[in-house]
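Let me begin by presenting the structure, written as structure tokens, before commenting on it.
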Amino acid sequence: MSWELFWLLVEASGLTILYSAVSIVVGFFVSAAVCAGVLSSNRPISAAARLFVSFFRGTPLLIQLLLIYYLLPQIGLNVPSAVAAVLGLSLCTAAYQAEILRGGFQSVPRGLIEAADMCGLSAFATFRRIRLPIAVRLTLPALTSEAIMILKSSSLISVVGVVELTTMAKDLASSTYQPLPIFAAAGFVYLVINLVVAGFGQLAERAARRGHA
Amino acid sequence: MNALSSIFGYLHGDDGWNILSGLANTIILWLVGSVLGAALGFFIAVARRYGPKPVDWLLKAHVEVIRGTPFLVQAYLLYFGGPYLCLALGDGSVCLTLEPFHAGLLGLTVYGSAYYSELFRAGFEAIPRGHIEAATTVGFTRWQTLRRIILPEMTMLVLPSMVNMTILLLKETAVLSIISVKELKFQVDIIGNRDYAFVESFTILALVYWALVEICGAVGRAAEARLSRYRFAHS
Amino acid sequence: MSIVSAIRVSGVVKRFGSTAVLTGIDLDVPRGAVTCLLGPSGSGKSTLLRCIAFLEEATDGIIEIDGEPLGFGLDPDGVRMRLPDASLRKVRSKIGMVFQQFNLWPHMTALGNVAEALVTVRGLGRVEASEKAMAQLEKVGLAQRATHYPSELSGGQQQRVAIARALALEPKIMLFDEPTSSLDPELTGEVLNVMRSLAETGMTMLVVTHEIGFAASVASKIVFLDHGKLLVEGAPAEVFGKPRHPRIDQFLDTYLDRGAAGLL
């Protein structure tokens, strides 16, 4: 396998990173709303949020992507396949991130909130200054794993024809008749990206452990 | 309503049988893959903990590679790997070819083993040192300690994550349709493509997987509830 | 006219579901002195303290801080009713609390922990808050640890920061919930010393503790709780001197081994 082919894979991995990053960020904001919904005391809202989490965690991402890809045009939304793919990835990761956030908030020790209470902090100040930073700190390892999971899962958007690393590997494999080295190289590129993300995650955790959440 | 009635229209006759055979294959791949993956994962965890350092490094590299690459890419490698090796060897007399089904099962097992091994490793770590020291002071051998103390405690500790992992494997089986393993999604795709009924076919698939996941989760929770009786004072 | 007590507890009952933890407590905590709340574990002393801090809501009864009802008051017909949150916040701001588990916020430095409420509650500027917080840390002897995070401090140092955090808000009354119970014996001394010097400044303190020696030497009033009831109250000499209540005898037997024998 030549350097030219490998370079094509590296270039395509930029799209993999782009789609994953957008999905994770969009998913984070959706997940905050979903998490608030799950923890809400309003029964219909809580039930709807739970149903959302259950569905997107309970079905294969591959099926979610295909369903959204074919469903959007049927309801009159003709969007590029990349948009449909990012929407699918975002909704899926939102369900997982919502559960991660919920776990984080629920494991903030009660005593720390009581201490804030005794210092007279308002509910909002307690949320912003105590609960949120501690919850994010507690969930950093899980959020890093989720980011890595999405980077890997983004390979599935190749089935709806979006150009990214796996699509490029597939195309090159069939045009060069060298599937083994090409997919091995693609796997290597994924591995490197994920090791870098894991490294950043560890740096963030170390910084957070000293306090700077 | 029209879409819904057409969904149920697929659930009888030949189409129904094809879907059922696909479902059977999915469940076999899932259950066998999970059991073999968990067994291999346990072996990896024990070898890494008690084996010599080089074994630990080698297995760590294996686990990191599997966990750092998409399952789809691993599946492609297994699927194309065999025929390509035949071509590379020239005359095709020495040939490693795997049926898609076997390639899929092998892929699931290896993929699962990497994740399961990490669960078991975390489980080993989470057992309080004092429990093992207590076993030592009352005269347990290493093997007795493993069998009577470490394994039962670890089962309780890792059960929730094992259920999650097993659910993850079920969802990964759908990816195997891409390498033409004749599992549930593969069979439903045939019908969807034939009738140009994509939304219906993917809705059926989503509902079936969702039901399987919920059942698996309920069984897991029941098992946890049973085991929690044995969860004595963790101080 | 009698002097208003710092804390007056009347008829306080606390039930968790069907279990009654406090069964009608009446108590006066005098101003400018140290009152120690003793009792075997499960006697309800921590629950009583948490009710006085309004971390738990008493099922029945009235608690007055400085003559003002806390959380619940009596309407003109003498019926117990919930008071508005504004009144609760105002009355509660007179109280500072120190917890058994310190409860320092792990993502803030020692200085940050002390300054936080000065900024968000009192609305002071960062600089002014830091100066005030620094002064409090100096009082507990930890000025040179100001930039350390809780995980970088010993248990005793963490508890001293927690005391500084409570003092920074200038409370009239300080509540201590077993402040030394999760400390190694060699670290309890530094916390008790800080509490002793605080007592010398005339701070009103209500302390739940197992440190009999501290109670006997610093407290002006001992309150002994057993099974959710107030069993004995009085000056240390009355409570610990003979003849003693048999339950107190029993309780002391358990703790005299801890070196308190010489003090009694």
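By written order: A, B and C. Residues from 1 in each chain.
Definition applied: a contact is a pair of C-beta atoms (placed from the backbone, for glycine too) under 8 Å apart; a residue touches a chain by one contact, two chains touch by 3 or more.
Fair warning: this is a prediction, and the values are worked out from it, not measured in the lab.
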Chain contact topology (line, ring, star, complete or other) | line
Most central chain, judged by mean Cα position vs. mean of all protein Cα atoms, is A
Centroid spacing, where centroids are CA-atom means, of chain A and chain B in whole angstrom = 21
Rounded Å distance between chain B and chain C, as computed from the means of their C-alpha atoms = 54
Rounded Å distance between chain A and chain C, as computed from the means of their C-alpha atoms | 46
Can you tell me which residues of chain B touch two or more of the remaining chains?
-> none
Two or more partner chains touched - positions in chain A = none
Listed in rising order, chain A residues that touch chain C in their complex are 109, 111-112, 114-122, 125, 129-130, 133-134, 137, 208-213
Which chain A residues qualify as touching chain B in the complex?
-> 54-55, 57-64, 66-67, 70-71, 74, 148, 152-156, 158-159, 166, 169-170, 173, 177-180, 183-184, 186-187, 190-191, 194-195
Chain A-facing residues of chain B, complex = 64-65, 67-74, 76-77, 80-81, 84-85, 87-88, 167, 171-175, 177-178, 185, 198-199, 202-203, 205-206, 209-210, 213-214
Which residues, counting only chain C, touch chain A once they are in their complex?
-> 53, 55, 89, 92-93, 95-97, 99, 101, 103-109, 116-117, 120-121, 149, 151, 162, 165-166, 169
